[in-house]
Amino acid sequence: MSPRTPRIGAWFIGARGSVATTATVGTLALRAGLAPSDGCVTELPPVAAAGLPALTGIVTGGHEIGEGSLPKRAEELAAGGVFPVALARALCAELAEADARIRPGTAPGGETQRAAARRIQDDLTAFRDRHGLDEVVVVDVSSTEPPAAETPELTSLDRLEEALDRGESPLPASSLYAYAAFRAGCPVVAFTPSPGPALPAVAELARRAGLPWAGSDGKTGETLLKSALAPMFAHRALAVRSWASVNLLGGGDGRTLADPAAAESKLRTKGQGLETILGHPVDGPMHIDYVADLGDWKTAWDHVSFEGFLGTRMSLQFTWNGCDSALAAPLVLDLVRLTARAKQAGRSGPQAPLGFFFKNPAGTEQHDLGEQWRALVDWCAELAAEGTGAPDGSGDGQGHGDGTGAGA
Amino acid sequence: MSPRTPRIGAWFIGARGSVATTATVGTLALRAGLAPSDGCVTELPPVAAAGLPALTGIVTGGHEIGEGSLPKRAEELAAGGVFPVALARALCAELAEADARIRPGTAPGGETQRAAARRIQDDLTAFRDRHGLDEVVVVDVSSTEPPAAETPELTSLDRLEEALDRGESPLPASSLYAYAAFRAGCPVVAFTPSPGPALPAVAELARRAGLPWAGSDGKTGETLLKSALAPMFAHRALAVRSWASVNLLGGGDGRTLADPAAAESKLRTKGQGLETILGHPVDGPMHIDYVADLGDWKTAWDHVSFEGFLGTRMSLQFTWNGCDSALAAPLVLDLVRLTARAKQAGRSGPQAPLGFFFKNPAGTEQHDLGEQWRALVDWCAELAAEGTGAPDGSGDGQGHGDGTGAGA
Amino acid sequence: MSPRTPRIGAWFIGARGSVATTATVGTLALRAGLAPSDGCVTELPPVAAAGLPALTGIVTGGHEIGEGSLPKRAEELAAGGVFPVALARALCAELAEADARIRPGTAPGGETQRAAARRIQDDLTAFRDRHGLDEVVVVDVSSTEPPAAETPELTSLDRLEEALDRGESPLPASSLYAYAAFRAGCPVVAFTPSPGPALPAVAELARRAGLPWAGSDGKTGETLLKSALAPMFAHRALAVRSWASVNLLGGGDGRTLADPAAAESKLRTKGQGLETILGHPVDGPMHIDYVADLGDWKTAWDHVSFEGFLGTRMSLQFTWNGCDSALAAPLVLDLVRLTARAKQAGRSGPQAPLGFFFKNPAGTEQHDLGEQWRALVDWCAELAAEGTGAPDGSGDGQGHGDGTGAGA
Amino acid sequence: MSPRTPRIGAWFIGARGSVATTATVGTLALRAGLAPSDGCVTELPPVAAAGLPALTGIVTGGHEIGEGSLPKRAEELAAGGVFPVALARALCAELAEADARIRPGTAPGGETQRAAARRIQDDLTAFRDRHGLDEVVVVDVSSTEPPAAETPELTSLDRLEEALDRGESPLPASSLYAYAAFRAGCPVVAFTPSPGPALPAVAELARRAGLPWAGSDGKTGETLLKSALAPMFAHRALAVRSWASVNLLGGGDGRTLADPAAAESKLRTKGQGLETILGHPVDGPMHIDYVADLGDWKTAWDHVSFEGFLGTRMSLQFTWNGCDSALAAPLVLDLVRLTARAKQAGRSGPQAPLGFFFKNPAGTEQHDLGEQWRALVDWCAELAAEGTGAPDGSGDGQGHGDGTGAGA
């Protein structure tokens, strides 16, 4: 469609975490022709129709505060059944190369947030320049943070800038990265429930800079099922009386969520969709339990009690046995392509049509998976009609720098 | 909306079966204010918007070849947990009255099909006249028949008429009732997988007579879930590798389906939706097992094995514990209202927008529950825009007699 | 076997609770020939062999602090599906009669525990005398109490007596009832996890008085399954890596356990059996959740992850859908018969062979259900060999009064 | 305990099948210290007490009619998740060595059964001699055969010998191997439901030769669970009304069982235990379905409907997700050790105390897993009391040769 395929970069916050590692393995495997694109929504014809940058052209990089290396992490994930051992071995050299593109993340206390933001911004610009990328999308796949208290400097961009100028560090880490990303002209994908770009001051920056973002909290497992099943009850006029949810998970995500403060963010985003779809509050516990021996796998059990005609009580229960990283990784790549495309098409702010991917969709209250799918497909058709938006070597590509400068 | 609420009749083929009995108890309970309308899709605002005849105004009747009585059957169903015992008792007198509106069905061999058709037609006309009904909808909720061989006289209305004139009896019972219903100017709802109005010769009659019909095989349990879940896999690009289904059910329906010939009809309609939604054939057994002790309840277990990104194998399983009669009865009442409305609005032939209710939707290949819901809602909005179509005391009511006369 | 069948009384603490009501309905239904003895272990030949008092001869009574009446409670339970509505109606008169045998329980603050104990004792004696009972067994089926702090006066009978003499009220309610029961010469069954007769000072009284007791916490659902399944893993050398348990329950029991303090008692008794059988600690959450709409029913889901040969990971999950009252009631009647028999045979103290019935078996560490069954059967064979022990009109019947007087 | 550890051989019929390959990998891994003995019952203290030949000393060999090689098969199984890929690689050389000990099996038509039996016998003797083995146990882990018709020559050893002398080939393959094994003085383990040593004429040979055998049909998955759970229902007097079983399995075993004739053998052995334990027939379907994509894994779903006190209906369902080969392989090694020990202790004929391992236990009607465990432990204690029975270098080893000659 375009004279040349735009080259895009995926910059992961949490670049050696399970999701980023799996996504990185995935881009390399796809490029090497070692794996099909199963799980990638953007390869389905009605989505691909939007005219997206190539899946095989994605270059990965990112920030990471932890130790380790991508080849090592890939080996561990393969041993845990996330992808074949043979794949990790075959891609060892490429993974080492990708690992060299990872920069140290920012940890609290080491530097002021103003300094940290500049450093992050520089890392992003350097990444874009070195690899000749048309767009760089910043994706937060780091550990979940507790909900943020909304202090005045977090609710207005001007006040935030003043606070940063005073050497203060008011931002939660996820929002600091989002701030720096927008300053660097990059779209942002908030794949965790952390505040990130949704923090009012940061969201304001995106708006002023004319940059799109998507979030939050990837909908990969039990909540995905809820959003597919709840409309069935609603449209069949079956009265849901209780809906109990249990999530058993190991891995790093499980460990983080064993901390009640972090779990609170997660439980908030998990809970709201159901009641929105059903139109009334629903009784029933929701548990997230860390069970170390499950590794990167998650087993979720849901029990739904409902009432039909003449008060008859019935029930549905399901057990989902999924690998969160394997479910999340292709969606992350989808979102990189879609937000890059959104930017090229001039969209800014939270992208409601990408709600299909999230537990807590920014910019919309729609949680019904079928409706979300339709909104996504409609949006892709719209983009298709507008033209590919592929960079012509000037304009778009240069544009973001200026755009983000708006509020600086 | 209209000067007076149109009065409609629901005429059940299999009028003392579990579904018809539950539907009859339901209309009486709703009229008496003893039960809410849970489970009735037509009470949801976007469907009610079509301007439907009142749920509480439905008068029931029907044909039945079995013994027994509605009060007795209601007592049995209540003992089996289909609805409260107190309800069956409170409505005993009204049920006895309803039972008096049931006429003997036609059994093979007793009379020619020409004679049987006339008798059925007379029963329908008498029912309409006696109760001053604006419309009578014929609903097949009798036992499932084996698939019909397509002989020449079943594929053309003219040939069928000739055969009937010759004293032959070529029609499967379900189609004989549908034939007679159309002759009497009644819309038809095929709630079982039996051939009924879908038989080409009979469908031709509906078309010529300008009468609407809906079918076939009510989507009440496991297939309903499939049609809600399969789109999730498709839209998330998750490759379904196998889908195994087991249905344990007792009751009359279970007993009928223990006969492999009858089960074949059922398995055909149950199987096709999944492959249509996923776009490819899917491995896995599908069982329907008669387990006497389950009574009117059905337990279905489905196991789905699927593959995500980089070939990771995952699984979903669900167990559905439902009461088929309680799930089917409100849908039957919904379809009576909707087809009556369709007729008043001048619709004829198979009503694709009613596919939402069926395993084997007539007139459409759409099996995705979300899309079916939208098609239903759109159709209701269309009808709303056209006006209520409530009978003005002439026209419509007289019309069908003439219409059905077309091929006579 | 004996000249006359001994007549026994079952005295319930919590006499209008779900379990006591169901047990009362049960004795009446059995006596009237309206129900079979399904669920009664003591009707199985190897247990019946012990020579037990007749199931149909049990007279019920009890203490209760709540309002209501047995006929009303039975109606509610029947509406919730615990037993047939018809049964509750048929036994209405007998239930009203049984209700008249219920006495006000003791609530904290109203009287000293010395006075309360005397009143309870008097109630028990009056019950025995009025109905000419050979034995009265006191069964605690009241709400679960939090664990008791072990103060000095609770660990020695002498100190306890001194405290009571001083007008103090140191006993948890369950132990007060057990104290009074032993004083009245009655065996005690602790069907809840409350301290009851297991409190050292009270257990000492039982020993001194030569009275048997059984406890604690009836094993009716998920824990029952654990004790049947865990030995399978142990004996097949399969290494259990995690065992997650979720219990969803409504009803009064669910409401009580929604209180974390009360739940602690329950979780303690639920947890210990598994580790004892497997021989090592096991990871995994254990939840008890109150879900109001489930009424008297409980749904438990367990997920077991285990490792076999060469480290292969496998899993088992089960869902138990049971009615706790219906499961508990026959066991309560079994225990009344068995402890009455134990007393007649001169047994005293905690009865280890009755561990089969309990989550936290008194007097033994054996949790393996198969081994518990064998211990029960062996004990019954022993009792059978000793002779029926049926009262000959003198001796035994008179004996308890004296026996219990030991510490008075 | 003995001056030297006896060396034993495991000779697999179906030596490159999934179970034999996994067992072979297992012996090599254990010897190399690369895996723990999880899943090996004979390593549990009360069983090990019998004084068994060392697990690490087992030498494997066998007959096989298929192509392939053990290193290749091991790689396939590792890819399917049966054991770690690293293990298959680490043991590649040893597996190639083990593969060299496999001899061509006998296929119908190629030679007379008399000739085939001699050849098999020679293979067994050569294996024993070459590796200096004290005992060789023949284990049938080949594909399931249909049930055998009981012709006269299969019911009497004398008639069988005459038929073989006449050049006839009346034996099913599994029984031919068992016949030859007994002739060679080897104990036999029938791990499949095929007739094998249970055929009357062959069982007679074992008796005359004074040789022990064990069978049949290893109890590894769903039936194992049934035998652990059914006693719970029986001992709690809960009336099981229906028990439905569904087994989804891929792999070679699944393919074989997709053939209804072979499945019949399996369904027979699977069904009988339940009714024996419960003491009455039980309604409910039992399905074995081949689902290719499940590979070496099996998913079984069971649904149990039962009735408690006062007719309350309750249910239990479980899902078992197991790897049949990983479950079977250690049991095969256990049985090799135990039958070798049985022979040394002079036991002959079907070994009832080994019923713990089988769906269709030879020599006993006991299916209750707990009782089977106790019988096994008691037997091991008995053997322990008798002394180790370790070969003293003469006697025993020679003895069977003569014994088996009895009918020759």
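Side notes on the structure shown:
As written, the chains take the letters A, B, C and D, and residue 1 is the first residue of each chain.
Convention: contacts are C-beta pairs under 8 Å (C-beta built on N, C-alpha and C of every residue); 3 or more make two chains touch, one makes a residue touch a chain.
Being a predicted model, the structure only gives us computed values, none of them experimental.
Looking at A-D and A-C side by side, the one with more C-beta contacts is A-C. Just one of A-D, B-C or A-B has an interface built like that of C-D, with over half of its contact pairs in common by residue number: A-B. With centres defined as mean CA coordinates, chain C is found 53 Å away from chain A.
Along chain C, residues 81, 84, 315, 317, 319 each make contact with two or more other chains. Interface residues of chain C facing chain B in the complex, by the touch rule stated above, are 79, 81, 84-86, 319.
Interface residues of chain D facing chain C in the complex, by the touch rule stated above, are 22, 25-26, 29, 35, 37-41, 43-44, 81-84, 87, 224-225, 228-229, 231-232, 235-239, 307-312, 314-323, 326-327, 329-330, 356, 368-371, 373-374.
Residues 241-242, 244, 246, 248, 283-285, 287, 289, 291-294, 299, 301, 303, 305, 315, 317, 319 of chain B touch chain D in their complex.
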